[in-house]
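The structures considered in this document are given below.
In the two assemblies presented below, chain A is common to both, partnered first by chain B and then by chain C.
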Partner chain A sequence: MIDREQVAVSDKKRSGRTAREASYVACALIAIAVFAYTFTDPFVVTLAGYTCAFALFALSINIILGGVGEVPLGQCLFFGVGAYGAAIGMGKLGLPFEVSVLIALVLSVVLAAIIGVITLRLTGAYFSIVSWGLTGVAMVAATNLEEITGGPLGLFGFPPIEIGPLQLSDPQTYFAVTATILLLAILFLVALRRSPFGAAMDSVRQNPHLARSVGVDVARVRLKAFMLSAPFAALAGALAVPYTQIVTPEVFSVANTVDGLLMVLLGGAQLVVGPVIGAAIFTLIPQAMNLDPNIRILVFSSIIILIMMFAPGGLHQLGVALRDRLGRKTDDDRSR
Partner chain B sequence: MKLAYRMKVMFSVGAVVATTLQLAYAPSAMAADPVKIGLALPLSGAAATYGQELQRGAEYAADLINQRGGILSGRKLELVFEDEKGTPQGGVAAVQKLMSVGRVKAITGGTNSSVVLAESSVTKKRILQVNAGAQADAITDQGSPWLFQINNTVSLNSEAFNAYIVKTLKPKTVAYMGENSEFNKTVLEKLRESLKSAGIELVSTSTYDAETNDFTSILTKIKASNPDMIYVADAYPARAAQLWKQVRQIGGFKTEVMSPGVVTPGMIKPSEGAMNGVITGEIFMASDPGPDGKDFVENYQKKFNSVPGKGELVIFEAINLIASAMDKAGTDSDYDKISKVIREGAWQSPRGLLKFDEKGRARAPYFYIQRVENGAVVQLERVSAN
Partner chain C sequence: MTIAVAEGPAVSARDIVKRYGGVTALNGVSLDVQEGEIFGIIGPNGAGKSTLFDILCGITVPTSGSIRIMGSEIAGMPPHHIARSGVARTFQRTAVFAESTVLENLLFGRHASFHHGVLGRIFGSKTFARDQQAFQTRVEEVLTLIGLDGERHRKAGVLAYGVQRRLAVGIALMSDPKIMFLDEPAAGMNGRETADFIALIRAIAPGRTILIVEHDMAVIRQLCGRALVVVDGRPVVVDEPHHVLSHPEVVTAYLGADDEE
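Let's look at the complex of A and B:
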C-alpha cells in the first residue's frame, strides 16, 4: 500500500516535472525567436550567436569538469579540430559546411578515443598537464602543415557559409541556428545526467574508489565521458567559424580553454545550464561596460573574484539562495 | 496560479532586459553629425603597446584636422576606439560594434595580420577599411575594392631591401636564419629570388620556433659554412636581442643584416651593443624624415615629448587619407566614389606623396637603409621607390 502510494506520488511529481520542463523548453524557443526577430543590430545578434557557440564549448568542458571531475585543459584541441575541420572542408575540399562539420565531429570522437586511452589513466594535475601538452603539439602541427592548415596565417576567405537554405552569414539566422543547437545540446545533457551513465559519472567524480568497489568501470566511464565531450567542443569550434571568419593555430591556445573553464565556474559546474549562464555573462558584461579596456579588465576580474568568493558553486547559487530566502520549497533536483 | 505568476515575472524581466539593451544600443539620431571613424586596436593584451602608439598617432591626426575646420564643409572628425585584444574574434567583435553601435563611416587600425584578415571579411563591400600597420600580402590579395593598406607589405619591404643587398653590399655567399612564421616565409622567398637572379649563393637556411632562445647550434653550423653575410629575420625584440648577443659570442660575421621593418629601440637596447653594425631597412626614419616629414616629427615631439615611431606615422597617414579622400569625394558613405578618389589621387604624407595601386597598397615613397651604431639606427642611404 505505502509503496504504491509512493510510486503514485513520484509519478505525479515526474509528470509535473515533465510539464514544467516542457514549458521551459517552450519559453527558450520563444525567447530565441523573439530575440532573433526583435534585435536587428548585427553586433548584438552575432555576438549572441557566437556566445551560444562558445557556450557549447563550455558545456563540453563541463562534461569532464562537472561530470567526472577532471580539469580538461586540453579541450581546445577538439575545439580546434572542429574549427579546422570546417575550414579545411569548405576552403580546401569544397565540401558543404554541414558535411565538413560532420567529418570533424567524427574525427574528434576518434581522436578523443585515442587520446583518452593514453591519458585517462592519469588523474588530477597529470591529466590536465598532458592534455594541455597535446594542444601544444596540435598548435605546432597547425603552424607547420602549411598545405593543409594554411600555416601561421591560417585559413580564411571562405565561401558564404550555409546549412541547406540557412545563410549563417546573416546575423539573425546565425543566432537562431547556434541557439537552437545549444538548446538541443542542453536537452541531451539533461537526459544524459538522468541516465544510468549520468549516475555512473557522478559516482566516479565523487569517489572513484567507492565507485570501483561497487562495480563501476571507472576507466570506461571516464573514456566514454571524454569521447562524448569531444564532439560538443568540435561543434562549438565549427560554429565559431562563421563568426571569426578565420582559423589560425591560436584556436589551440590554452587561453581558449581557460575562457571556457571560467564560464563553467561562473555559471556553476553542477548545473547543466550553468556554463551557458557563465558564457552569457563572460561575453556580454565586458561588451556592455563602456570603459577603458584596461580598466574593464580590472573591473571584470574583480567581478569574477567576487562571484567566486560569494558563490563558489557558481552564480546560480545566488538564485537558489534567493529562492530559499523567499520561502519557496527547496528543490534538490539540480539536474536541470 | 503559480505558473501564471512565474510566466508574468519572466515576461516582465524579459521586457526590462530588452528595453535596457535597446536603449544601450540605440543610435543617436542627430543631424550635422561629426564624421565618425572607427579604430580597432589592440588596447589590452600582449600587443597593447602597439595599440597605444596607434591611438596617440590617430588622436594627433584628428586634432590637426579638426583645428583646420574638419572635413565636408565643417564637420568634425570623431574617433571611436574599440579594443580588438590582438585576436581575430576580438577584431570581428570590435569592427561589428564600431559599425553598428558606433555608427562609424570608416574603419582603420590594424597591427596584426590575422586580426585584420578576420576584420576584412566583416568590412568587405560594407565599409571603407584602411589597414594602417599589418603587413601580410594576403590582406590586400583578397581583392576587396574598399580595402587599402598604408604600410608596405612584407614583399614590398623585402624587395626594396634585397635590392640594396644585391647592388651595394654584394656578398658572395649568404646564410639565412629566422623564426618560422608567416611573415618570415615571405622574407625568405623574396631573398631566395633576389639572390638567385644576382647569382649569389644562399649557403644555408635555418628556421627556429618561437620558443627558441639558444641559437648556438644554428650559429655554429652557419659559422662553419663561412658566409660573407648573415641575414636574420626575427620580429620579436627580446629574442632577436638574445640572438645577436650569441652572434657576438661566436665572433660575428663580415656583413650582418636584419629583415626590414623590425628593428626598434626595444630590440636594440636589450642587445646591449651586440647589434652594432647590423644593417636593416625601414620605411620611415624620425631622425631624417625628409622635407615632408619635418613638421610632423617636430610638432609631434613638441606635443608628446617623444619621437614618433612607425606606428604613430602609419595611423596618422591612415586618418589623413580617410579624411582627405572623403572631403575630396564630397561624401562620407559612397565608398565606390571614395575608393576611386583614393586610387586616382596622390596623397600628401610625412613620407612624401603616397599613391595606391589596384590592390589598394601604398608603396613607401622612400626606403631607408640603416645601420645600428651605439644603440641607435643611423641612415646609410635613402632610396626613392619611384
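Let's look at the complex of A and C:
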C-alpha cells in the first residue's frame, strides 16, 4: 500500500511539516531538560518520571483502542510482565536492570502472540472480557508462585536501579530517562500511524468488513497491533519499578488498566499524544489538588462521563472542533 | 495471489446449499455469469439473495456446492485473498470509511494491489515510483468517474447518502477489479441519485463483470442483461429482466410487494 502522506500532502507542505515536527521534538527535549534540572523537589520530579512511564502504558492501550478499536481490559498483563520481569531479573537472578527489561519485552511479545491468536478472534465486549479474565489468571499465578514472585507480599528491596551510568534512583535522571523514552515512543507511533500498516489498522478499526473486501488481512493486522502494543506496556511496567520500589500481584489488577484507559479517553484516542496529555492530567491534578484517593475516583468518573457526553474523542477533540469550525468559516467565506 | 484466466464464465456456481441449523437459506442454486455481463439477483425479502451474494464473494462458506471465479474454485479461500485477485464488492450499509477523507478512502481501496516494502519507499525504487505515479493517475480517474473531484478532502461520513454509495464504488474501483459485486447499491437512494448511479455503473461496466443484488426493479431493468430470481432459497428463473418480471411464479412471489417503487 502507498504511503498515505504521499498522496494527501504535497512535497512542499511535507517539508514544511517535517521542519515543524523537528522543532516540536527539539522543544520537547528542551522542556525535559529544563524540567529535570530546575525542579528540585524530588517528589515532584519522581512523580513526573512515573507519569511518563504510565503514559507509555496509556500509549500501549491506545495502540489497541485507537488503532484497531478494541478495549484491551487485559493490557495490564503486559505491564505486569514488565514489572515482574524487571523485579525478578534484578532481585532473583541478579541481572542488570536493562537486561531484565529486554527479556521482559521479548517475553511480552511472545505472550501477546500466543494470547492474540486465541483471543483476537473475539471482538467487542467478548475480547475485553476474555483479556480481563487472563489478567485474573496472572494475578492468581503471581500470588501463588511464591518462590519466583514473592507471593502476595511481592518483590521489593532491589539493588540501586541503573541503566549503564544512569542512576534511576536519582529523581532527575529517572525523569530524564522516562521522558526521553516516552518521546521516542511517540515518534515511533507517529511514524507507525503514517505507515501503510497504520492505514491498514485505521481501515480495520473503521470498517473491518470493508477493509477485508479491499484485501486487508484483518486478523493479521489485529494480531500485529496486539504484539506491537505489548512491549510498550511491559516497558511502562518496568520503568514504574524505580518509582514504586515494589512489585505485587496488584499490578495485574484491572484498576491498573482502567487508569490507563481513562488517560486515553481523557486525552483522546485518535491523537498519538492524546494519552500523554491524559496521563499528565490524570496524575498531576490529583496531586496538585491534594485529593483523597476515594474522592479522586469520584472526580475522574464524573469528568469521564462529561467528556464522553460532550467530546467523545477526548479533550483534544474540543480543540480540533474549534479549529474546524474556524477553518470552515474561512472556507465558506472564500467560496462566497 | 492471482487467479488464472480461464475460458468459461467469470462467476459460476453449482448447487449451492446453505443451512443455518434447521433453516435452509439456499437450496440448490446454480448460475453462470459470463465475462462482461451485468447480472442481477432479485427476490423478495428473506429469499436468500444476500446469503447467495456473500457466498459468491467468499464471505460466507456454503454448506455444499462449488463456486468458481475466473475458473478457480474459491472454497476455503480467505476473503482478503479473493479481494486481492481482482474481485471487489460494495456493502449495503457500511459502505465507506466514515472517519477518513474521500482521498484516504480511495487509498484504503488500493491496499490490495500495492505492495512495497519499507526499503522500496526509503530508497525510492523504480517500481515504487512507477506505482506511485500509477496510483496518482488512478485516484484522479476514479475521482472524476464518481464525480467527487471537488470533495476529496471532505470526511466520508458527512457526505450525502447517495454520494457515499458512489464513493463506495470508487473504493472498489481503485484496484481496477475484473469482477464487481454490488450489494443493493441503490437502496435508500432518491430518484435523482438512482439515475446518477445507473449512469455511473454504465460508465464503469466496459471490461468488467458486474453482479448486482437489488430491490429496485427499475435499476435491474435498466442495467442488467439477465437476472436470477430467488424465492425461498430456490432459483426460480434466469432470463432477461422483462421476461423475468412477467414469469408467473415471480408475480406470485411479489404479489402484494411493491416492485415499482
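Note that in this section the second predicted complex is superposed on the first by the 293 of 336 C-alpha atoms of A that agree within 3 Å, B and C clash if a C-alpha of one lies under 4 Å from a C-alpha of the other, contacts with A are read in each partner's own complex, and residues count from 1 in each chain.
One rule holds for everything that comes next: a residue touches a chain if its C-beta (ideal position, glycine included) is under 8 Å from a C-beta of that chain, and two chains touch if they have at least 3 such contacts.
Model, not experiment: these values are computed from the prediction.
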First (chain B), second (chain C), both or neither touched by A:V218: second
Partner chain(s) touched by A:S203 [first = chain B, second = chain C, both, neither]: second
Partner chain(s) touched by A:G154 [first = chain B, second = chain C, both, neither]: first
Chain B versus chain C as contact partner of A:G94, first or second or both or neither: neither
Dominant toucher of chain A (residue count), chain B or chain C: B
Partner chain in contact with A:G164 - chain B first, chain C second, else both or neither: neither
Doubly contacted residues of chain A, that is, touched by chain B and again by chain C: none
Chain B to chain A touching residues, read off their complex: 3, 10, 14, 18, 21, 24-25, 43-44, 48, 83, 85, 87-89, 92-93, 96-97, 99-101, 113-114, 117-118, 121-122, 136, 138, 142, 180-183, 185, 209
Chain A contact footprint on chain C (complex, rising order): 57, 59, 78-80, 83-84, 88-89, 91, 94-101, 103-104, 107-116, 121, 131-132, 135-136, 139, 171-172, 174-175
Residue ranges of chain A in contact with chain C within the complex: 1-4, 6-8, 196, 199-200, 202-203, 206-207, 209-218, 270
Chain B-touching residues of chain A, taken from the complex the two chains share: 23, 27, 31, 34, 38-39, 41-44, 46-47, 50, 140, 143-144, 151-154, 156-158, 240, 243-246, 248, 250, 287-288, 292-294, 296-297
